[in-house]
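Two complexes come next, and they have one chain in common, chain A, joined by chain B in the first and chain C in the second.
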Partner chain A sequence: MRRIMIDRYKCEACLGCVLGCMVEHNKKGKSIYDLDLEDMANESRNHVEVDYENRPAPIICRHCEDPECVTTCMSGAMTKNEETGLVEYDKDKCASCFMCVMSCPYGVLKADRINNEVIMKCDMCSNREVPRCVEFCPTRALYMVEVAR
Partner chain B sequence: MTLNWMGLNMRKFKTSLYLEIKVYLKGKRYLKGYKIKGGFNMAVNVKTATCESADKILESFIADLDFDTCHHRIGTQDIKCGFGLQGVCCKLCANGPCRVTPDSPKGVCGATADTIVARNFLRAVSAGSACYLHIVEKAAWNLMETGKNKGNIKGKDSLDELASLFGIAEDDEYEKAIKIGERVLGDLYKPRFERMELVEKLTYKPRYDRWQELGILPGGAKSEVFDSLIKTSTNLNSDPVDMLLHALRLGICTGLYGLFLTNRLNDIMLGEPKIRLASVGFKVLDTDYINIMTTGHQHSLFAHLEEALTTDHAREKAREAGAKGFKLIGSTCVGQDMQLRGEHNQEVFAGHTGNNFTSEALIATGAIDLVISEFNCTFPGLESISEELMIKMICIDDVAKKANAELVEYSYEDREKISSYVIEEAIKSYQNRRDKVVINIPENHGNDNTLTGISEDSLRDFLGGSYKPLIDLIAKGYIKGVAGIVGCSNLVSGGHDVFTVKLTKELIKRDILVLSAGCSSGGLENVGLMSPEAADLAGGLLREVCKDLGIPPVLNFGPCLSIGRLEQVATELASILNVDLPQLPLVLSAPQWLEEQALADGAFGLALGLPLHLAKPPYITGSKLVTKVLTEDLEELTGGRLILDDDVVSTANRLEAIILAKRVALGI
Partner chain C sequence: MKYLILGASAAGINAAKTLRKLDKDGSITIISIDDKVYSRCMLHLYIGKKRSIDRLSFVEEYFFEKNNINWIKGRRATKIEPEKKRVVLDDGSSHEYDKLLIATGSSAVVPPVGNLREGKNVFTLRNLEDAIAIDKLADGSERAVIIGGGLIGIDVAVELMDRGLKVDIVEMGPNILPMQLDKRSANVYERELKKRGAGIFTNVLAQKGVLDSNGNIVEVVLKDGTSLSADMVIVAAGVRANADFIEGTNIKFDRGIVVNERCETDEEDIYAAGDVCANKPGIWPLAVEEGITAAYNMAGLERKIENSFGFKNSMSFYGIPTISIGNPNIDDEDYQIDIYDDGKVYKKVVHKDGIIYGAIFQRDISYAGVFTKIIAEKIPIDTIDKNIFKIGYGDFFNINSKGEFEFTKREYGLKII
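The block that comes next holds the complex of A and B.
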């Protein structure tokens, strides 16, 4: 199983991971030049926050072994794929109850900002070998590892 | 000296990184006969693979180098900041850096993406413009001093031509030179509210009228740069359109003064270009000579040295040191200028070796004894290689001062002293280093038959005294149109010169004649596209023309300054046809632009009303307004527009379509 690892002390809060995520999920194209940075529909599934010591903290979905978002999901929209280890989200099944948002121990999940309906959930860039957030990280604060099941 | 890990050359596996175990001799790997004290130091060196080059001999030479060059470092900088790429990062004040995102669409001050992008863009154009204005300023001072001291005037035709254009009535040639210099400097130093006087004399009438209508006739050039810095400072101008118009004004300053006039002033002092075949590439290096490499853009700063190196005294000193003599090794644009005017300096000038991203490889050959720099492109990367190879660095204009270079500021008054000092230091360096360093020159790099010496005048002479024959060839369809391939090389558009060479080949295949000026021409000449044999790569009709005339399908106008000469060619074509420049079947592309200077050149091209292609967007796409004005609306204003395309074939299709549409509009 592949996982995104975070070395938060290397994070410079450049927001490269945030841009990478928006680029990959942009319906208009996959190049940085296709990304309209003024369009509210472009939303990132990860975010960078500032902690109590004023240090940047990249907040990125861990695809937990025992995911709280799946446990609390009443409609079956959040599921753990046992084969890939990924926590997957089906927006068609989602009832927008936001229990997942409330229960995520990392505070990564949020509702989309325009309609407040869909959960912005990391999909590990589907079939991409290296997720865009990792690719866009200039300090290697984000990196990939292969973990045992 | 190099052992590859487990006997395998990992580079063959095309991994981006490979481990190489090196045996270091106390860090002095390149010194022959170095005494090893305390045995070997073993170190594991993680070496980055190098990027692709259009020039394959250069590519493999650099890949095998044990020096760190731009071609190695590009891999270590491959993650680019998306905000930077889109031009929406602002650090003009302490509240920054501010970046535009959907969550934060404005900077703290309230600046929108349009304002931030326009400010960044204008700053870049004004810095580029400042660079070219520095070059013409120095050339004008040198011309005045040449006149006052009754120095060498090699280009008498240019002198008379410019004097009559400026309306200077003097008979004495030295007086003419002084007056020409004064008129140029007088304009450069005007305040912004006073229009420069020479603009009208230097501009094709329909263009001048258009600029006047648009209100973009520039005031004093240096003041235009100065005020653009004010405009783009913290919490001043926030109007994107006003800033883009200012960029056009700077483009006009750059083109007419920085480019066109620099060429003509240098032609007066150093002689006019004459068409001839010349040797290019690393093959011009001859280790029997004391080799002085040049980097920069200011040919007039070498006028005295070129002569001093050919004196009996210099020859004698070189022989005493054990060398056959001195050679000037052309590198970057000043090397292109020396090659362009090579007819006047055949004894000492060895030839042009290559462009910006070839310069580190050039000194890494070990065959260079001294580097004289006076402007860009003088990469900081030269420093560590020159230290390891014990190469003396002298800088003669502090704007290009390298950290390890000795500053010997050029002045006309001290020219003799400076030339003597350079000669002394070159001899000292030659004697000190040649038995201690390894010389490693790639075989068969470059060629002996690059057509050079092409200028607006020499090409007209070649065509029989008028551009009419060229127009006839265009009208009859033998030449579909003309493309100016200009600008730099960068390492991001496919690699070094990769996009430039591919696009050029694509255009000539479609019977489009290519004229090149800038670092682009350095790349094109080394891969043989500027040799008459390259006619075979052109489309059938263009090939026939080239074979008849014995010319290549890609004409070498030399340095980036010669973009000013391309403008003159365009003006002559337009005036014979009695049309304005935007109507010509003429396109510009600076496919691999690198520097702020290239953006100032680009602003000139847009002011002239020409379509201008760039492979990499100039950090503007974060603003819809700036992008729309430059890529669409500008066509209604000047006639020019920006074309952004990073695909070779798609670019060629678009440029060809523009040429065909303009042919239809002209009824040919």
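The block that comes next holds the complex of A and C.
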């Protein structure tokens, strides 16, 4: 399967990946020029953390082989697609119980900030060849790799 | 290979699904009293008319057909005969197995408190039938008394109030949700419930129910003399394992079936998973993990339960989410308690010598899963020199050649980068 690889030492915490993710998931259009940063509905599914030595670390869903968010999901909203390897999220099935937020050991997940209802889950930009976070990364801290499952 | 699974909920279904993944040709049969697959964690949403029965399912459409699983519904096992490797059902039929999984879950218990067991309008919420019965009676009811202010009790209270009933909640602990929350975080929900008309009675037990001539409880009297009138009573005060049928076998039972880390019981080729097992909280993720683990071992592949940490819960009432991990109510001055409280967002971390033992996150639960991992595995944080509430996976960041995250090994008291 394809995975977004992270080289944290190249990350400059420019938040390009965060912007890219917001651009792709903006309901009002997929260009950077459509993105209204004052609109609370624009949220990213990834984030950049700063560690105890002030070094940045991009935190992006791994679509794990043994995903805790799937094991823990009691509504069937979070599933592992055995063909593509992606961990997929169906917001219509989701009961907003937040067990996935509680269970992801890498702290990738959160609920949407407006209604506290929908999980902000990476979808690898579904139909795109290159996910937007990767495309927006100017230092190549993010790049695509093909990995064996 | 002939796999037989008793139970069609979290553990049973996930075991079947995993078995099919591992063994394309084996015969898989599920026997369950349930005639539908549904998530018990969503039953309250049916009572609140927020989900139809179909939308309580946690499996894809045509799950049994797609995975080639034979499903015998509406039947329960009455006896296991390990020497003949077969299970006898309540209709007298018997079914043979090469590998058997017991995933029959647990049942809600109504305590032997005055008349509660006799009352016709007394319910628990464990099965779909319970939810359907509560939904029906709620239509003509004005007042409900909920005995037990845990997660299920509050779930039902919220939905019944949503339908216009006056609800009283009786909890023996100092506040509602005493297993998960502390006073500060529980008060937030108590306030929201009271605002909508709920009566909340804490530190008190129900003593008896007063029956009318039709056998319905019309009044619940508490130990302190308080009397609450009721059209219906919901009891959410504990469960017991569904394992009567193991009598006569060598399967060890101690308030639940005793299994090892491979989910094996003391009888050869018999496994158990989920709430029917002993010595752990009955929570969804553990049941699934055990179902998967049992399936691997049934299929001849070694797999162990890596972490059976079950003291974790998430909840959301009236749009306020909370995650509780470990024991956030440790009352011991050797422990350090760090609190962030801006009047809305509330966070609490209880720790000692660099190990976190409990945490609560209310209103801001983003990325809190890292704390579940740190608490469950007692990963030391004493070398992380930053605000404890800002600790994140970034502090443990390590990515392997397959692009998978791992936790940086941190020796206790040593700084390793």
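Definition applied: the second predicted complex is superposed on the first by the 149 of 149 C-alpha atoms of A that agree within 3 Å, B and C clash if a C-alpha of one lies under 4 Å from a C-alpha of the other, contacts with A are read in each partner's own complex, and residues count from 1 in each chain.
Everything below uses one rule, namely that a contact is a pair of C-beta atoms (placed from the backbone, for glycine too) under 8 Å apart; a residue touches a chain by one contact, two chains touch by 3 or more.
Computed from a prediction, not measured in an experiment: that's the story for all the values here.
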Greater chain A contact set [chain C / chain B]: C
Touched partner set for A:Cys94, first chain B, second chain C, both or neither: neither
Contacts of A:Glu82 with chain B and chain C, given as first, second, both or neither: second
Contact set on chain A toward chain B in their complex: 14-16, 18-20, 22-23, 32-33, 35-43, 113, 135-138
Residues of chain B touching chain A in the complex: 79-83, 85-86, 88, 99-103, 105, 113, 617, 621-622, 624, 644
Touching residues (chain side chain A, partner chain C) in the complex: 3-6, 8, 47, 49-53, 55-57, 59, 62, 64-65, 68, 71-76, 79, 82, 93, 95-111, 115-116, 145, 147-148
Chain A contact footprint on chain C (complex, rising order): 10, 21, 39-42, 45, 51, 55, 57-60, 284-285, 288-289, 292, 312-316, 319-321, 323, 325, 365-370, 372-373, 383-386, 392-395, 397, 399, 402-405, 407, 417
